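The two complexes that follow have chain A in common; it is paired with chain B in the first and with chain C in the second.
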Partner chain A sequence: MSSASLLGNSKTKKSGGACPHWFFIIPALVIVFAILIFPVIYSVYMATFEWHLFYSAERKFVGVGNFIQLFRDKEFLHSLWLQFGFVVIALPIETVLGFFVALLLNREGKFYALVRSLLLLPVFILPVISGLTWRLMLQPGYGIISFILEKLGFGVKAWLAEPDFAYGMVIVQDVWRMWPFMFMFIYAGLTGLPKEIIEAAEIDGARFWTRVFKIILPQLRPTIATAFLLRLVDALRIFSEVYVMTGGGPGNATMLLSLYINKQAFEFFNIGYAAAMGVVLLVLALTLSFFIVRGNIQFEGERG
Partner chain B sequence: MKANVGRKRGKKMVVSFILFIVSLIVLIVELMPIMVVITSGFKRDIDIWVRGPFCFKPTLQSYKEVLSNTDFLMSLKNSLLVGVSSTVISIIVGAMASYGLTRYVFRFKEAIAYTFLGFRMVPQISLVIPLYVMFNYLRLRDTLTGIILAHVSFNIPYVIWLLLPFFAAVPRDYEEAARVDGATEKQIFWRVFFPLVSPGLVVASVFAFLMSWNEFLYALILTSVNARTAPVAVNGLLGQYAPKWGQLTAAGTIMLIPVFVITLSLQRYIIKGLISGGIKG
Partner chain C sequence: MPINANVYVWLTRKDLINDPKYRTEFKAKYGYDLGVPKTFKELRDMAEFFYSKGIYGFAPFTKQTEGSTAEAIFMFESFGTSPLTVQGGKVVVSLDEKKAVEAINFYKELLKFSPPGALDMGHSERIAAFNQGKVFTMFQWPALVPQHEDPNNSLVAGKIIYSAPPVGPVKVAAIRGCWVLAMPIASKNKAAAAEFAYWWASYETGQKLIPKGFTPARSDLLLNPNYNKERPWFKAIFDSMRNAVARPRFTKYPEASQIIRNYWLAAISGKMSPEEAVRKMKDELSELVGK
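Up next, the complex of A and B:
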């Protein structure tokens, strides 16, 4: 079932000569044009200028100059690399955790229902609060994680001042918050499967792993793919959590893509150059989101 | 034979017990940071710094300070206003568009649908740069109108996307019957379809509100004093030198209350919304 069939399932309608569909669509079209399409076009325009935020009048046309400069900008390449690492490390962990916990919690009983509900909370916690909480927990001396690490003999350290550790914790923060998203998705997929297959997913000794890989996993592959794609676009544009947790630091150890763009735009005021980076990120995200839309995750099984 | 059955049952119980323990550990680990937020809110800043994480003598001091902080209260009011306004606008405009796209056939329909839906995932940082310049020019920076518009930009596509299948699922007989009764196109939409897709409207409203309530980047860049929303104000409590963790977590807990109440009470809707569109970071 494709989006095309969904959109086209109504027959042409005689509506007394007028075009009533425009009445319904135009408000959205106008708003979307004003605050999405036009700004996107405008940012492409901005990207062709060397443009300082406070000296707009003196902006200089540089054509594709900004885009060429991107490849020579070591900090940009570094943040691209960090972003890549973030996605490549965090998402598989979230997916695997989500998958196995979905199997684990696929049991009857009030306790398991309660666990499944409570797992929703991290997903909906405000990103800002999540980032700040992890920052609190890692404060030297009084943060709970620092405290435990200290008792384990790692000494008192400003953990978020250690570049590799800070990067790791940014990933841990994301995994903590988002594997339950993968779980919800996969669990919903699992409960939508035929009964025999769900039973095959029950955890009890005999040939459990074989059943998981031969029966369950192939059935859930489309669900997992969709969830993964959604997470991928989200992970590419992560900003708030990291901004409040580390601010991109120490140094630029956690300067993920959105943070670097923000820094160029609103700390160095190079909005032309920042717009160029924004366009690169945009193209990436829109390409992926096109596949999500085309993969019509939502249109299945709901039509009357 | 009997012993065998007994052993099997015994083994099953052991497995059940292990699974129970593992689930419990998963749950505790997941809720630990949330417990940190909630408990820290009942501590004083000074106790957090000096007494370590496990000393807990509950006091309402931090709440008192936060609730007498007019900046924070104003930002909370702004958040509420922005959340409700952007949700209402997005629901009305989005539902109309969704209806138009599913119930009529016309040229460019596919192109329009793809535009609406594709733009759902625009990275905020890419959009905030042109918006900043535009809003500066239009004098919309640091106004509620501006930040509401910014939030509408991600909520409208989401609402359209989420409602498409709800509108598509309404059988054609309903509108034919209404038309025979002499209802106009607008009446059909408001009186026939709006009630029929109300479950979808609930999901969409809840999500639109939560996404607006949780949003940080637009608020950070596009507002400063007048239209600042609560997430930015909470981050502001970090201060320059001595983070006021007690107040910060108290404010955070206040922000989390509506989120958790909505999430747990409308769980079934929430999962549906989550699965049909992911959430914003």
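Up next, the complex of A and C:
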């Protein structure tokens, strides 16, 4: 029996018979609907209510009221700004670091293979463990980073109680943990590049930076865009490591958007308001993803 | 009903206040006997004295959590003011700006005698500092006290005196926790719930649970001399309970708590002047309760 007849074809459809391929897709569709589409729809629905969890029975339909309120909420705008700063500072650093280390280690040999493997270790550390470790390293009295800063003449300080420093350290922690992710992607892309073109450029006398900007980067663009996209989505929902490291503090200096959403939903119980913020975050992620994908990543059906 | 006794208990190093050398030097400098600090003035003096001897005088709670709100309310209440009170069934902002500023300034004074990194201290940092013998005095929650008395983990086990917190310029304010045994009005089996509550709160059940680490809320158990031999903090819990201060419990309390600790921490860390912090705290609390 041919695969076409197993999966059903247009002829079967036209004859009004069963359509087995849809039958097999149904479980996946049900799961996707249950864990992805329905929660999104339900979040949008919740976002249209003034809804406090203590008083669910008294929830009030406010339409777009929560969304209007959001843009009057100084805390929300502050969190959005911090989130934006986090993405535009951390991700480029991770990308640049990942790219150049991938270039450096794109060599044959057991030593390089070992170094490449070791460099990936931080990615496998749980975010919450990473956050706690960094908190401990910055702890005055015990922390190694605190100790080094003390020896450098900065004195003994509660570093995570300093707003700017705490925000900086949240970014450094993320860069430390996630740059190998970019490295991994870019290295995989580099190994797939045709060596002949780079060798031809070398023979033609192209210098290192010329090769990087004129040959390697253009060819790696889809790979870098894909890695950047995945990291972007991850960075927009960063939560646990910051939660254990600073709890959003001092004050609200590290209150990234996901922490503020959590606070509104599960500390203040304003579930409708929190849902509205979640929807804004989703729209933000989709919009940014659209611009990254467009012109950078081609899908199967789009290739000419 | 309280599910257990959860209230600020004050810890003071017995070995330090009984040291003859320290006693003599302290008396010579301050003109009164070294002992468990009974007033805020004594707390400040003793903290300063031990700081000069290489022992931190006080361990604050400054993490960005509810513990910092509790610390703020402890200070405000000791100075005679409350951020929020219930009047006629309605929550109103009642913070006296002058008293609140005095409270903040006093706490800032105590921070001078606290361990390095005093602005980032939570439970684990405080327990570690105290158990290593680096701190003279501080408050603690009853559930955490056994950690100080565990000789395997504490250099000061058996060297601690427990008491109610020192009296502030206006009153003693021991902050109370909030673990309660409550029966929902909508409960369909109130009789069974009540039976459980009676069982839980009974003297006999307390006797069975204390060896497992339970802190009873019954005065007859807290004052029982047999238990106080092994758990000297029980009597202190009883004393603290007599001066217990509750944090205002209402629907928007989590938001109120966030506002209080944000401005409290901003003020004690010097990132904002106490006057400005108190003013902003009041404004935001007013906006919150007025919504």
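One rule holds in what follows: the second predicted complex is superposed on the first by the 258 of 304 C-alpha atoms of A that agree within 3 Å, B and C clash if a C-alpha of one lies under 4 Å from a C-alpha of the other, contacts with A are read in each partner's own complex, and residues count from 1 in each chain.
Everything that follows uses one rule, which is that a residue touches a chain if its C-beta (ideal position, glycine included) is under 8 Å from a C-beta of that chain, and two chains touch if they have at least 3 such contacts.
None of the values given here were measured: they were computed from a predicted structure.
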Checklist line | Contacts of A:V293 with chain B and chain C, given as first, second, both or neither | finding: first
Item checked: First, second, both or neither for A:A225, with chain B first and chain C second -> neither
Note to self: Looking only at chain A, is it chain B or chain C that touches more of its residues?
What the structure shows: B
Next item on the list: Have a look at where A:F268 lands relative to chain B and chain C in the superposition and call it first, second, both or neither.
Entry: second
Check: Between chain B (first) and chain C (second), which does A:L104 come into contact with in this model arrangement: first, second, both, or neither?
Finding: first
Next item on the list: Considering only the touch criterion stated at the top, classify A:R237 as touching first (chain B), second (chain C), both, or neither.
Entry: first
Item checked: First, second, both or neither for A:I25, with chain B first and chain C second -> first
Check: After lining up the shared chain so the two structures overlap, which partner does A:V175 touch, if you call chain B first and chain C second: first, second, both or neither?
Finding: neither
Next item on the list: Find the residues of chain A that appear in the contact set with chain B and again in the contact set with chain C.
Entry: 139, 141
Item checked: Of chain A, residues touching chain B in the complex -> 3-4, 6-13, 15, 19-25, 27-29, 31-32, 34-40, 42-43, 46, 53, 56, 101, 104-105, 107, 111-112, 115, 117-130, 132-134, 136-137, 139, 141-144, 147, 176, 180-181, 184-185, 188, 203-205, 230-231, 233-234, 236-241, 243-244, 257-258, 261-262, 265-266, 271, 274-275, 278-279, 281-282, 285-286, 288-290, 292-293, 297-299, 302-304
Notebook entry, point to check: For chain C, which residues count as touching chain A in their complex?
Noted result: 62-65, 115-121, 125, 129, 251-252, 254-255, 258, 262, 265-266, 269, 271
Next item on the list: Spell out the part of chain B that touches chain A in their complex, as residue ranges.
Entry: 11-12, 15, 19-20, 22-23, 26-27, 30-34, 36-37, 40, 48-54, 89, 93-94, 96-97, 99-106, 109-110, 112-134, 149-150, 152-153, 156-157, 160-162, 164-166, 168-172, 185-186, 189, 210, 213-214, 216-217, 220-221, 231, 234-235, 238, 243, 245, 248-249, 252, 255-256, 259-260, 263-264, 267, 270-271, 274-281
Next item on the list: Using the touch rule from the top, collect the residues of chain A that touch chain C in their complex.
Entry: 52, 54-55, 139-141, 146, 156-161, 163, 246-252, 263, 267-269
